[in-house]
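Per-chain numbering from 1; labels A, B, C and D assigned in written order.
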Amino acid sequence: LFSTGTRALSETGPPQAKFFPANEGSMLLPGTYKGKVAFITGGGTGLGKGMTTTLSALGAECVIASRKLDVLKKTAEEITAQTGNKVHAVQCDVRDPKSIEAAVDQLVEVAGLPDVVINNAAGNFISPSEKLSANAWRTITDIVLNGTAFVTLELGKRLILAEKGAAFLAITTIYAETGSGFVVPSAAAKSGVETLCTSLAAEWGRYGLRFNVIQPGPIRTKGAFSRLDPTGMFEKAMIGRIPVGRLGTPGEIANLAAYLCSDYASWVSGAIIRMDGGEYVSMAGEFNDLRRVTKEQWAMMETMIRGTKGS
Amino acid sequence: LFSTGTRALSETGPPQAKFFPANEGSMLLPGTYKGKVAFITGGGTGLGKGMTTTLSALGAECVIASRKLDVLKKTAEEITAQTGNKVHAVQCDVRDPKSIEAAVDQLVEVAGLPDVVINNAAGNFISPSEKLSANAWRTITDIVLNGTAFVTLELGKRLILAEKGAAFLAITTIYAETGSGFVVPSAAAKSGVETLCTSLAAEWGRYGLRFNVIQPGPIRTKGAFSRLDPTGMFEKAMIGRIPVGRLGTPGEIANLAAYLCSDYASWVSGAIIRMDGGEYVSMAGEFNDLRRVTKEQWAMMETMIRGTKGS
Amino acid sequence: LFSTGTRALSETGPPQAKFFPANEGSMLLPGTYKGKVAFITGGGTGLGKGMTTTLSALGAECVIASRKLDVLKKTAEEITAQTGNKVHAVQCDVRDPKSIEAAVDQLVEVAGLPDVVINNAAGNFISPSEKLSANAWRTITDIVLNGTAFVTLELGKRLILAEKGAAFLAITTIYAETGSGFVVPSAAAKSGVETLCTSLAAEWGRYGLRFNVIQPGPIRTKGAFSRLDPTGMFEKAMIGRIPVGRLGTPGEIANLAAYLCSDYASWVSGAIIRMDGGEYVSMAGEFNDLRRVTKEQWAMMETMIRGTKGS
Amino acid sequence: LFSTGTRALSETGPPQAKFFPANEGSMLLPGTYKGKVAFITGGGTGLGKGMTTTLSALGAECVIASRKLDVLKKTAEEITAQTGNKVHAVQCDVRDPKSIEAAVDQLVEVAGLPDVVINNAAGNFISPSEKLSANAWRTITDIVLNGTAFVTLELGKRLILAEKGAAFLAITTIYAETGSGFVVPSAAAKSGVETLCTSLAAEWGRYGLRFNVIQPGPIRTKGAFSRLDPTGMFEKAMIGRIPVGRLGTPGEIANLAAYLCSDYASWVSGAIIRMDGGEYVSMAGEFNDLRRVTKEQWAMMETMIRGTKGS
């Protein structure tokens, strides 16, 4: 289904990457999603396309929604051809409640109320924060936070009314955790998305709804990398600090997503799951740079430490 | 300066409250804020008024800003009279970048660029999430998240340009941590505020700017309690699960805020500080309800546990 | 493979449980663990037995280790018979480095160095903390924290020497997050285990080793429930606050564990994953008790809130 | 009282350090600790000595405890001379419950049961984890986790029996948050300490006891730096990633500690407070390295980003 895996591995990164092959084929039993309907925002490209491919391969009828109908249609046809299960394309701007309402009407018409809702659409770009206008700020939070909320409220209300259960998943990012400079609107909005999900996991469980979050680390997609590392000059540094020694791939996110939205995970709700090759804990740990210390330097430092008396 | 402390204590709450008197007088050395300018959004009422009072008593020249100019003016006069240090009132709707620009112009005119910026303005109300319209959602995130961002961007840009250092503080809430049902827009937006602050703590340190956050637990203010516990029926339950056995008071928040924004805390940046009488950890801990177990029941359970063989 | 699922569902719990059936059959493609060796501490009972069953069913050769050899042998035979894949029983007290060394020697002899290591052994009991002796404290931290560390160091060193990659998994608990009264030694030790894992995820990635953690919520096992809810009087309260409306089951944990330790998750390292039916976020959210508010009460409160003027 | 501040500032670090002067004089009103008794483990050196100095200056009668009686006595005399308030020295190895019992007997005899208990004693050193023996592991967890627990249990039981309230404070570290390689036993044990504190904040509030934690970032003390950066070669890198542009100082920790243990903070319990100049959020944020991007590079990247079409 996927082909990025090989590419991600062919880079000359840290040698340990050989221990951690990217396995992008669907891991779940065939037919796991038979008879299920999935709605994926931003499903026409990148990670959204990856998740749609996997769910579709597992038997789901998928509806993908975003602004560019032509892109969506191309993806829908491609996946339908690949998996034999119908993928529908629906235009939708998540910033606009009316547009969402219309899209959901279409979704219901073509496939019925969904069993799975994946809030994956987002916008982002790097910039020094002092260069952000109020408008630039709003552009991001409108898509990421309000967009996710509007989709969730619209579908949540209809599902509750219909007394139908469903699994919601949102895609955030590892820097939603403690933030990051230079992507501040995205960081703030993604944190908001996480809290939206944990809040509704608590509140809407009684209606048969679950909510979970995946925080991906860096995965090369055109949408993300062209706006976050346009020159390509940070990729090497990123890979260098990822314990697993390589970037992630869409198929790996897709497998985790497929698990979380399946009935096998029906006892998982309110969870926020990092998938980043260990990058976050590696960056955050104060002494992790000591990985650069050589054997000889360790020997010397050990002697010095042993020689220390008192405090 | 304050009088709520006594009232908070006079309730018949858990007996341990006697160990935890609310000490609302300013704790810092007099004159700590001599020559400093502080800008406080929502400074006319509740916690904002409390923080303004304490900073003013410590020597700061304060500028308070919110929508209701009459309320602000009354508070400004009251505090000025009390402390002898000038408090200015400036109208400002934090949802509107233009209004913020005008307010900051005024601030600069009357007092100069601030040394302290407190993002305290907020809106909130309880509601089942399935009853929220997109507009209701936006009302809250516009004030809480975008409002905080717009104030921060406007003042940050000017401070950076002027090469002036400053301490920023935001007031969020304990449920920003893992969210809460029935206050979802507020929870999501407050999480966003926290991440905005930690992100800029990292990015804007190089310009001499610090960013910290206080997460208050429940403190009886008209603004909060009339919209979060209109019937008063949840107050008792809240107090019952607060380990310290009482609600907090504005003066206590004010002392922590005064510390965080002072030079004594110049090495504190990117911190998120819970002040809640222990409520959060008490709620979140799975076995904390065992506090209701009596001595006799413990004796019985101990015997049963000791009698257990194997797994 | 499992039969607890049905039982967990047959309780009269919250009605939403019907939306969240426990799906305990293995979800991964058959043969996923073909040719792999897994070492599971505490694998003779409860969750450890569940994980062993699932890994074995997927093709792994499993080695289970704990103090009671008779219990281990019975489980090993049972699972071997069920799955047709050999399960070995090895005696081991994780508090004792010598005992671990001997057990690992045996492991290597019968099956070779492992591809998967699951630190699942633990001890726990409820008690008011003021009744804990230093010895009682040490009993728990010795098993949970030091035991996990000793197993991890022993196997880690051998794997590093042999230049063999592996996936480590530890089972902690949701109250490792912000602690809990009445189970304090366990809470502290489990937090330590989590940090051990995230630390080594960062440090030992370069050797081909991954480290992840599952935090289960309440799952009825004899070992856990006889010491944590001996009278059975807290089970109802627990279920009442779990959004998913039921306890978890060993097979559900096993599926998540099987995913995390498989090559499908080779980009997951340093992750801590809550699986608790939403209990943690439900407990921790300040306003989640409003789920008890009736429609009529909401209508009344809404009117009161709308009527509020000012702050 | 302190003199390190100046020294910390005199280094040639990032220019923004000038905005963040280290203010080490005590910030609280004189006499805040009049009539109070404080017990500080590891109070003879480093941060413990700093906190003792500040509490003593504010009027407390302090009792400091650790293994080296001569060091303690020297510090006790020095501070007593400086502040005019008696500091007592008591020998105590926190790994040994008997030794703690004897030390607490002495404490009670010379000063009475304490109002303030600071768990500050610790041990640590850097090492690749694959070089750690089980004994090395235990050495650290015995001091840090068990030692803190034993001191807390011993004093907690006596305070509860005497129905006396008190404020507990523990000193952990920023890498207790998500761990760190090369200091793994310390990271795991410090996490355990944090959870011990949050757990007891919930459980023992009813007895009038509060529990809080400070997580310091890097502060040059002989004890810490000789074992964590023996060659001095990492100090520059640390300072370079600290947004505030300098290391912290003992007096700054002492002011925060003095606040947290005072009645001004009686509504603070279960809080974990980072004081690290922003280092943690700076390290953890994925895009913070973009601070190295020059103006020209930003201009170029902006153009590239604007030129991107689609995803």
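A few notes on this one:
Everything that follows uses one rule, which is that contacts are C-beta pairs under 8 Å (C-beta built on N, C-alpha and C of every residue); 3 or more make two chains touch, one makes a residue touch a chain.
Because the structure is predicted, anything quoted here is derived from the model rather than measured.
Contact with both chain C and chain D is made by A, B. Comparing the centres of all chains, each the average of its CA atoms, the largest separation from chain D belongs to A.
In this structure chain A contacts its sequence twin chain B using mostly the same residue numbers, the overlap exceeding half. Chain A and chain C have Cα centroids lying 25 Å from one another. Look at where the CA atoms of chain A average out and do the same for chain B: the two points lie 32 Å apart.
Centre-to-centre spacing of chain A and chain D amounts to 37 Å, using the average Cα coordinate of each chain. Within chain B, contacts with two or more other chains are made by residues 128, 175, 178-183, 187, 198-199, 201-204, 207, 217, 270, 280-281, 285, 288, 291.
Residue ranges on chain B touching chain D, taken from their complex, read 14, 16, 18-23, 27-29, 32, 165, 198-199, 201-210, 217, 242-246, 248-249, 252, 255-256, 259, 262-278, 280-282, 285, 288, 291.
Within the complex formed with chain D, the residues of chain C that make contact are 97, 128-130, 132-134, 137-138, 141, 145-146, 149-150, 153, 156-157, 160, 175-176, 178-185, 187-204, 207, 270. Remark: chain B residues 42, 44-46, 68, 71, 125-128, 173-175, 177-183, 187, 217-218, 221-223, 226-228, 230-231, 234, 237-238, 279-281, 283-291, 297-298, 300-302, 304-305, 308, 310-311 touch chain C in the complex.
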